[in-house]
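Here come two complexes built around chain A, the first alongside chain B, the second alongside chain C.
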Partner chain A sequence: MAGIAVSHLTFAFGDKPVLDNVSLEIRAGARLAILGGNGSGKTTLAHFLAGWLPDGRPHQGTVTCDGRPWTEWSLAERACAVQLVGQVPVRHLSGRAFTVREEVAFGPENLNLPISEIQARTERALAQCRLEQLAERDPFTLSGGEQQRLVIAAALALEPRFLVLDEPLTNLDPEAREHVLALLLSLPRDRAVVLLETSPDAALAFAEDFMLLDGGRITAHGSARDVLLHGCAVRTLGLPSIPRACRELGLFGELADSELPLSLDEAKELIKGAADARR
Partner chain B sequence: MRSWSIHRPGTSALHRANPLTKLAALLLLAALLFVLPWPGAWAGSLLLLAAAFGLRIGGVVLRRYLVLATPFLIAVFIFHGLIVDRPDRMPLAAFLSYSQEGLTYAAVLGGRISLMLAGSLLFVATTHPAALLRSLDVAGMPPGLSFLLASPLLLIDEFTKRAGAIRDAQQARGMRVDTLSDRLRALRLLAVPLVTLALADAQERSGVLNGRAFRAFPRRAVLSPPPDTALERRLRHVLVAVSVLLVGCALWLG
Partner chain C sequence: MLVVEEISFAYPGSPPLFDHLSLKAGAGEIIAVVGRNGAGKSTFLRLLNGLLRPDRGAIFAAGTPTAKLKINEIAALVGTLFQTPEQQLFAGTAQEEVRFGPLQFGLDKDVAERRVEAALRRCGLEGSGSVHPLDLGYAERRFVALASVLVNQPRILLLDEPQRGLDRIWLGRLETIIREEREAGRAIILVCHDMDFVLRNASAVLALGAGHPRLMETGAFFRDRDLVAQASVTMPARLQLEALLADRP
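For the complex of A and B:
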């Protein structure tokens, strides 16, 4: 198939199982959120999706892109196909660049692209992530949030078809979170974006398709309602803001968690419906 | 500015020269060590330090020179002049003895080290590391080699910062560092998390480098290569040829 396919993937760190028979598909243009609590296996799954296969540690199952296992892809092919943005941005800096601009240009330079193309991609990625003012700064002296935007810019400069983001919002202030979410939503529809998150609100703001990873297994898959209001998700991640506010305000007490409104519009509809019914 | 860096921007000819040309000049300096008598090496050191003052970077170069050279030169003179057993030794006290031959050898060795150190510091103070890396990329050096050069320079501050954070966290939770034995114990306790985290970082960074196609090709493009001229390229060839000639002559003449 065209896209990334994970089939019956099982992996353990020593005796500790991390992923247990995970299967999923990511097609071009997908906007997928994979939610899970700490230790649910999100980071390991993100590594497999991006072709970062663990050295010397056996795993069962396969991870393919366009029908070919990642092991058959050259470095250059893989870099153009998928990029991973990790949750600790300082670890995702190349360690080879002395300025923000050099860091963003690092990937395209490695691909030996024409200079005009490298320049265009670098400036475009800097602008997309609002890093123009910081272009000559040392990447290691940026704040955590700025570094996160830099790592995203460095990934975007490679123009990958699949962008995998492992808790990319963790270090960001509210304004920067909004900006990164808006940036992800503005990416061309031919690119697939996979967001691995602990925050149901971030997932809700971005994704169209949702999965819940719990104890290394995919325990729910479907719409926001199917996954975010799933009993297991509510237990481990809590309710998203709107249904939580409804519960705290004592609204819709007769409704089960899975029937609560997920958005303000849904809440308004329900309130209006209840008022009409009383009349 | 990074804590270790002594690079000072400037517009002098030395600042503007291509880093590879400066590296070729350093090679010539190293070759000169084979033929220069020891007073010449010391005079060369002084000349280079004076040149640094001429370029208005004398303060930073001299400070770093003294910090690096002083302990080494003192050790060389003590070891070769006063401790090593030589035929012309004249006993002073206990195991110490005075040897003219040993002191001369220390002056030769010290002069060589001093000259290379002064030259290297002048190079580092007038060459931004990024420019050096770009020029190595342009010259077609394997990307892995330039990474080996760059990563310690870039990561040393990060490593120092992390060591400070671990030490502060340990002290905040009651670890004492009052006595020498406390400090030695603290060093051991610091090393374990520091090394563990460094290994985790290295693994992650290796994934990042692969993910961004590092070493996908034997050569990489360079967005903004340092300026280079035909004259400089010819000069580099001459410098390398003279260096080889000097070393050859020195070896041939014994």
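For the complex of A and C:
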């Protein structure tokens, strides 16, 4: 198939099982959130999706892109197909760039693209991530949130078909978070974006399709309501902020978790409905 | 417990981040420092723990001016959980990591061992003491770093985005520890982007990047919608819902 396919993937770090018979497909245009608690296997799955694993380690099952296992892809080919932005931005910095602009250009330079193309991609990615003002700064002097935007820009400069982001919003202030979400949502629809998240709210703000990873297994797949209000998600991740606030305020006490409003608009509708019913 | 008196600070060649900033945090107080990326939240913590020194003004930790203290002497009073746990982990096992502080401070070995065990237990790491910290998962690494701070029983705790990336179970553990530390009379400074977490845990808020920063009671801060917008923080979901209920017919 065209896209990334994970089939019956089982993997352990030594004797510690991490992924257990995971199968999923990511096609062009996907806006997928994979949610899971700490230690559920999200980061390991992200590494498999992006071809960073198996890295020679034993595993069962396959991970392919366009029908070919990642191990058959050259590094340059893979870098153009998929990019992974991890949880700790400083770990993604090349260490070979003295400025933010050089860091963003590092990937395209390594693809040996024409200079005009490198410059165009670099400036575009800097603008997309609102880094123009910081372009001459040393990447290691940026704040956590600024570094996060830098590593996203460096990934975008490679124009990957699949962008895998492991908790990319946690370092960002609300304004930057809104901006990055809008940026991800505005990427051409032939690109796929996969967000791995602990926060139900971050997933809710972005995704169209949701999966829950629990103990290395995919235990739910479907809409926001199917997954975020699933008993297992509520147990491990907690409720998203609006239904949680409903519970804290004793609102809609008669409703089960799975029936609670997910957004302020849904809450407004329910309150209005209850007022209408009283009249 | 913690007194910041008229401090000013600028990075070389940059405009001032702080200009005559003052605040006081008493025993059992939890102050959340909020504001947009780059507003100086983490820099503020570095001024408090002595990794940076203010250009002007003074900081007093438990009554002592920190300008007169060496960095290790400040560390005995002010414990810091950094934003990225990897930045403060270096030992071969979680237990050695947590033991490092008490031994540096010259604690009796038996007392140190008891404290290490207790800190690991509080942080949910009883079974992980012999594991290399970087072989642990994200949340466990963060709690190794937290245990290595708590074990020294500092009177002032600085927590930089401690809630980030934690699931419900680890978040619950963190909030329990914060509550216990508050009850034990620590002054806690919390840098945080999660306003629901701030509302649940902080007694006061210091908003950076929104005019001259001043300390405000948490409820009063969130009632000042202009200030909330200037500080680029989101209104907690609970307050959004309360506003909705207040407007209902």
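Here is the rule we go by: the second predicted complex is superposed on the first by the 277 of 279 C-alpha atoms of A that agree within 3 Å, B and C clash if a C-alpha of one lies under 4 Å from a C-alpha of the other, contacts with A are read in each partner's own complex, and residues count from 1 in each chain.
The criterion applied here is as follows: a contact is a pair of C-beta atoms (placed from the backbone, for glycine too) under 8 Å apart; a residue touches a chain by one contact, two chains touch by 3 or more.
What you are looking at is a predicted structure, and each value in this text was computed from that prediction instead of being measured.
Following the overlay on chain A, a clash is recorded for the pair chain B and chain C.
Once the two complexes are laid over each other on the shared chain, residue contacts for A:Thr43 go to chain C alone; chain B is not touched. Contacts of A:Arg235 after superposition: chain C is touched, whereas chain B is not reached.
In the superposition on chain A, A:Asp214 contacts neither chain B nor chain C. Touch criterion met: A:Asp173 reaches chain C, while chain B stays clear of it. In the superposition on chain A, A:Val90 contacts both chain B and chain C. Once the two complexes are laid over each other on the shared chain, residue contacts for A:Glu159 go to neither chain B nor chain C.
Contact with chain B, but none with chain C, is seen for A:Glu102 once the two complexes are overlaid on the shared chain.
Of the two partner chains, chain B is the only one touched by A:Phe140; chain C is not. In the three-chain model built by superposing on chain A, chain B overlaps with chain C at stretch 99-107, while the rest of 27-35, 45-53, 99-107 or 135-143 show no clash. Shared contact residues of chain A with chain B and chain C: 88, 90-91.
Residue ranges of chain A in contact with chain C, taken from their complex: 13, 36-39, 43, 87-88, 90-91, 143-146, 167, 170-176, 198-199, 235-238, 241-242, 244-246, 248-249, 251, 264, 267-268, 271-272, 275. Of all residues in chain C, only 35-38, 42, 83-84, 86, 135, 137-140, 161, 164-171, 193, 196, 232-234, 236-238, 240-242, 244-245, 248-249 touch chain A in the complex they form. The touching residues of chain A, when paired with chain B in their complex, are 47, 50-52, 74-76, 78-80, 82-84, 86, 88, 90-99, 101-102, 105-115, 118-119, 122, 138, 140, 154, 158.
Of all residues in chain B, only 2, 128-130, 133, 137, 143, 146-147, 150-151, 154-155, 157-158, 201, 204-205, 207-217, 219-223 touch chain A in the complex they form.
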